[in-house]
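Letters are used for the chains, namely A, B, C, D and E, taken in the order the chains are written, and counting of residues starts over at 1 for each.
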Amino acid sequence: MAFYTIQILNGLSLAMLLFLIASGLSVIFGLMRIINLAHGSFYLLGGYFGLSVLNQTGNFWLAILVAAAIVAAIGMVLQRVLLERVHGNELGQVLMSFGVLLVISDLALWFWGGLPQTLDRPDFLDGALRFAGLFFPKYRVALIVCGFAVALAIWLIIERTRIGAVIRAGVDDAEMVRAIGFDIKMVFLLVFGAGAALAGAAGVLGGAMLGIYPGADFEVVLQAFAVVVIGGLGSLRGAFVGSLLIGFSDTIGKALLPEFAMFTIFVPMVAMLVIRPEGLFGRA
Amino acid sequence: MKPSLVAGALAVAAFAAAAALGGLLSSYSTGLLIDCLIFSVLALGLNLLLGQTGLPSLGHAAYFGVGAYTAGLVMLHVSDSFWWGAAAAIATSMAVGAAYGLLALRTSGVYFLIITLALGQITFAIAFSWRSLTGGDDGLRGIGRPDLGLPGLNVDTTAGYYLLALTAAAAALLLMRLIVRSPFGEALRGIHQNSDRMAALGYNVWLYKFLAFVISAGFAGWAGVIFVYYKGFISPEAVGIVVSAEVTLMVIVGGAGTLIGPFLGAFLVVFMSHVVSGYTDRWLTVLGLLYICVMLFAPKGIVTLVGDAWRARRSA
Amino acid sequence: MSAQAVDVDNVVMQFGGLRAVDGVSLRVGVGERRVLLGPNGAGKTTLFNMIGGQLQPTSGAVRLFGQDVSRQNPYRRAHDGLARTFQITSLFPDMTVGENLHLAVRALSASRFGMIRPASQYPRIAERVADVLAEWRFPAGADTLVSNLSYGDQRKLELAMAVANRPRILLLDEPTSGLSATETESVVGLIKGLPEDVTVIVVEHDMDVAFAVADLFTILHNGRLVTTGTAAEVQANEDIQRIYFGEGE
Amino acid sequence: EETIKVGMMSPNTGPFAVIGEDVRNGFQLYVDEIGGMAAGAKLEVIFEDTQAKPDVGLTKIKKLVESDGVNFVGGIVSSSVAYALRDYMVEKNVPLVVSVASADGLTQQLAAPNIFRTNSSGSQASHPFGKWLFEQGYKRVVMIAPGYAMGFEQTGGIARTFTEAGGEVIQSLYPPLGTADYAPFLTSLKIDEADAVVAVFAGSEAIKFVKQFEEYGLKGTIPLVGTSLLTDDLILGQQGDSALGIVTASHYSSALDTPGNAAFVKAYREKYDRSPTLYSEGSYVTAKAIHMAIEALGGDLSDPAKVNEALAAVSFDSPRGPFKFDGYNSPVHDIYAFEVKRKDGELVNEPIERFEAVSQFYTWSPEDYMAMKPYRDIANDWAK
Amino acid sequence: MAQPIVSVDDVHTYYGDSYILQGVSLDVRPGELVAVLGRNGVGKSTLASTIMGFNPPRRGAIRFEGKALTRATPEARSRAGIALVPQGRRTFRSLSVAETLEIARHLRRFDGQGLSWTVDAVYDAFPRLAERRDNRAGTLSGGEQQMLAVGRALVGNPRLVILDEPTEGLSPLLVKELFGVLEMVKAQGSTILLVEQRLKFALALADRVVILNKGKVVYTATPAELQADEDVRHRYLGV
């Protein structure tokens, strides 16, 4: 029993980390249909910038804020200067954003070095909670709470401001959105910035759990895309449930069948897509 | 002379020139050309799906790897005949392609992209963990050069193998050219643009996609054959996502949906990663900038850009 | 037994909470010309989609020439002789007019799976494409990209592709919408000029066109079949006048 | 003036880039120490990026051998790259001195006169360590390591001597390479039944593992032991206090107190502003071995067989202590057990035990040893 | 006469190299309904999209309420009070009817003359849309989409509405409804530019008709004059 409780908590914490990483992508890719592989770079940069701030100030919260802000700015510049030019050209987006991913990861390697780094957590989140004879890291509890909070916040923002509808309309027919009075370029830019900021913040949060190192960008972007797609494009709820599914199948799979640990993400993924070809909550 | 004859003559001349190059260049440069040709064939196969049919496969290294492992295993355990190895490899690749195609073609668009990626990673995991067959992470090694059964043709030297690779790539290109220009190829383009209408017109859209998938896997297997006999080893890296992604980028850089694009893209990327990396540690930045620039100035790929410019000049 | 060309038997199409088509039965004999009338959203296109195979009925059956095709793919029905146009233009935008027609003509020929001979080297198909082009005349020329055609010409091409294969059953979903008077007239001419044994079902809101091409009219409303009758009957029926023409309330 | 060319292959990009940097640094340090000259000839070093990909490595080494005409090749971090190059190098008969890649097979079943290695082979440090662990009083252990050859070989070596001494392996887990989160494995370890956890990880995985080991409250509950990669000098700083008390085995740490090491550490720190690691030391030794061979031949490298022989015969004092090759061109050197301690505010791998002159075959004869099933094929069979 | 609300002055528009509008001039006065007629492919839609700002002319000027708009973005024009019901509907596939109307009314509220359009007013005018409120536009029937496109334009309370073949695909009943709606819009003082193939419909509503042929205005008159001129009708409209 204790074994399962702890595995469920493990699954939940991994799922929420995945969701934090994927939430920004769910907005950028799910809603705006911009295939941005540099999302992984946003995560990486967030982690590294957070690290630098943390080393200077020792303030974890400041690190999250600064990292999110810088990455948002970088994201917006990227969108304006580069990605916008391949609007509607999916393959173009793949190539261009992959180029950006390469450049950023290489420059990050140059600047921060190749050594894996860890981010220190705030003191009160260090250590573990003990309950009913179980032992569970406090930081992971915080991560779980954080994941739920972010999910709720994004959901509210999209519902309240109708920005979600405008963005989706912009994807269907950008010209007509302009014809009803929206500066669609500005809308896309801001949304892109918000998505990048989420990834940047996730970099700090994730870096404190898993460390930050060259190659994390690539790992992260694959998982985030998988989560968003399995959930169904354009569905935040999908990204959330997708994170849970992957988090659980991976964790429980590894705990129960460690010999098949290499298959615990991808086999369930194929199965899910075969059963639901348009994702869990996808509407084509 | 008829234009087709001119084109044919030009193609033969180009082939002859390329063949002669093998004798002129240093063996290292010739070897690099072989690498380029191998990835060209792989990219060419992927292009049938990605460029022609609009199916973005991100797991193409799987069929490449299956081909390479099969040819390697045949060489190690069965026969050193090139033809047996090649036939077995292509057949296995296509069989795996057929099995995966059945699963992957339930989906479309980015869902297809992700499911092919997942299938590719499963293949990687199998190659990595089935140690008794594949040698695990150490890979299969000690695979010798094959026997072509053609007297006078010696593929033990780099120059000799270059001729084989060149012929293999030319054969692939010719075959692909036939396919693309045939009614089948035309139907794939139609499916790319409007599959519902194709179905209403009377085309079995699923079957076309499936065949394209299997054929494309066959090309990848063929590339794997040329790869494994040249390198003499095969390890799981060749099956992984990095290779799949690289090939995809090659196709896009060169120009998805064109015949020459995959070749150009493969040459460019292989050149960048081998030659430029000899000069600067920051070669990945250079490569990244190249991708970005290509998309800024030739958003449909280099070949498309050149083609458009040429047409514009002709009509002007 | 003299089978009907199209025999729709009590079909239902359910979209979530909405019954777009609600138990419609419809029999159209070989060579008959039938117009489907009904207010917007009555279910006409949905019914077409079930006959064409784009949708599978929630319940009920569709038979073509006496054969049950309810579960058949659209492409199989095309091989049974069915062709259709779409209300919302459905073409191959990045191909030329000629290439669009090529695809249409080739769809039923044995060569459609050919992988060796170049597509352009099938004289019979090229001939047929040339015929269709001559018949339909696209002022911009056969080499124009479809995405560069005016809307009207795109509608015309939509039709030309449907008739290119000499279908036995032709479903036309608002074939003249968006066409100018001249073009509308020529389309009417073309429909009337189809061989007598071709069965044609047309959805049409332009009554002049409707009366010109058909003898029998079927009225749909709210997913149900209201009645079938001749022009005179339709005009005399008060219910129809109310729900469709909006007169007499 | 004559030039002797040496090719250096290391990953400069990707996750292994940082190890590649150490490898280049160690080599360069030695070359600088001898003023770039060997036996009166100029020593030219050509660096190439393997990208840690076997087929790229093969292409690069072809460039070095065929295009640049190098006389020696050194470096190589990944075992899969080393395997990929092996046949080609044997065919060309150019000496390949591997600095890091530890795959056992390279200097055992696949040994060749021109293939050398300067760092321990995969199970070399594990053998004495497994026996020693038993002697320390551990009777039952659980093992966890990445599921590929390196993990299998390093845990295998420990398991063999440990069980032969009478110990028992009650569980072995092999998470795949690249595992993001060790939580499901850590929480499945049967620590209640074991006296120690044997873990083998490297790089970012090692950092993650050690940190998570503490996070899940295992630190202090059960001893954590392993091979040196788990806490090597490269990552120790990042692991912080989580690593304190971990005991590992290897042939080198910067805290070694040998005659050569102090000067080496000092020079290295001055030049690169960080501590040397077993990667940089291994590469430094590679350079020295090559240099010694050139000197022994008086700079005449015309006969490949003689070059190989000269290399095989070198023996010298190195930072790790006395160095020489065994009959299979793999080093015979002292192995240590290290414990992570804090010294002068810094974390170090402090030697706590020394096993003298250990070869890759440990106490077996080469023939007997190679007749046994290779560790990488035993993997899960240790736990009963 | 009143100052024109929109004036198109010698406009030349291209698609790439194809020369479509070849010097079109056209004035529409406030409150007026001008019908643009012409065969397929003569450039009617191009004119509409040029005024909306989708493809700015290479030469010529467009003024709206006295201000030059020639280079303004579509969103600026929209905010200035121009709305378009495009040919082919172009509804937002993935948005529900309610969402579409919601975002379309979002930015603008004119203290307009007379009755202003609200979402509810649109539902009143097209009860069918109210029923389909929560359906995605992509699943609506053709006619329903057309109603939505009209509603989308109206909820912004524009001063100038451009309708490009709005009756296309509408059943007679709905054509009548639309007719009523347009009369209502006119009565509120909005100006309408109507591109139409249905001659009867256009003539019954229009104050003035303009015929386009091969990218040029070839005829301007009142509906009555056009009715009387069989030659022009036959030559340019085929009736």
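In this section, a contact is a pair of C-beta atoms (placed from the backbone, for glycine too) under 8 Å apart; a residue touches a chain by one contact, two chains touch by 3 or more.
Just so we're on the same page, UniProt names per chain: A, B = Branched-chain amino acid ABC transporter permease; C, E = ATP-binding cassette domain-containing protein.
Everything numeric in this text was worked out from a predicted model, so none of it was measured.
S.K.: Among all the other chains, which ones are in touch with both chain C and chain E?
M.R.: Chains that touch both chain C and chain E, as defined above, do not exist here.
S.K.: How many links in the shortest chain of touching chains run from chain A to chain C?
M.R.: Steps on the shortest route: 2.
S.K.: Measuring between Cα centroids, what's the chain most distant from chain A?
M.R.: C
S.K.: Look at the interfaces A-B and A-E and say which one is made up of more C-beta pairs in contact.
M.R.: Looking at A-B and A-E side by side, A-B shows more C-beta contacts.
S.K.: In terms of CA centroid distance, which chain is the most far removed from chain E?
M.R.: D
S.K.: Rounded to the nearest whole Å, what is the centre-to-centre distance of chain D and chain E, using the mean of the C-alpha atoms as each centre?
M.R.: 76
S.K.: Roughly how many whole angstrom separate the Cα centroids of chain C and chain D?
M.R.: The computed centroid separation for chain C versus chain D comes out at 74 Å.
S.K.: Between chain B and chain D, what's the gap in Å when you average each chain's C-alpha atoms?
M.R.: 37
S.K.: Using mean CA coordinates as chain centres, what's the gap between chain B and chain C in Å?
M.R.: 43
S.K.: Send over the residues of chain A in touch with two or more other chains.
M.R.: 106, 262
S.K.: Which chain B residues touch at least two other chains?
M.R.: 125, 128-129, 284
S.K.: Each pair of chains that touch: what are they?
M.R.: The set of touching chain pairs is A-B, A-D, A-E, B-C, B-D, C-E.
S.K.: Under the touch definition given earlier, write down the residues of chain D that touch chain B in their complex.
M.R.: Spelled out, the residues of chain D in touch with chain B are 12-13, 48-49, 51, 53-56, 58-60, 62-63, 66-67, 79-80, 83-84, 86-88, 103, 105, 147-149, 176-177, 376-377, 379.
S.K.: Mind pulling up the chain E residues that touch chain A in the complex?
M.R.: Residues in contact with chain A: 52-54, 73-75, 77-79, 83-84, 86, 90, 92-95, 99-100, 102-104, 106-108, 136, 152-153, 156.
S.K.: Spell out the residues on chain A that touch chain B in their complex, using ranges where they run on.
M.R.: Interface residues on the chain A side: 35, 82, 85-86, 89-92, 94-96, 98-107, 110, 222, 225-226, 229-230, 233, 262-263, 265-267, 269-270, 273-274, 277-279, 282.
S.K.: Contact residues on chain B for chain A in the complex?
M.R.: Touching chain A from chain B are residues 50, 56, 103, 106-108, 110-111, 113-115, 117-119, 121-122, 125, 128-129, 241, 245, 248-249, 252-253, 256, 282, 284-285, 287-292, 294-296, 299-300.
S.K.: Across the complex, what residues on chain C touch chain B?
M.R.: Within the complex, chain C touches chain B at residues 52-54, 73-75, 78-79, 83-84, 86, 90-95, 99, 102-104, 106-108, 111-120, 122, 161, 165.
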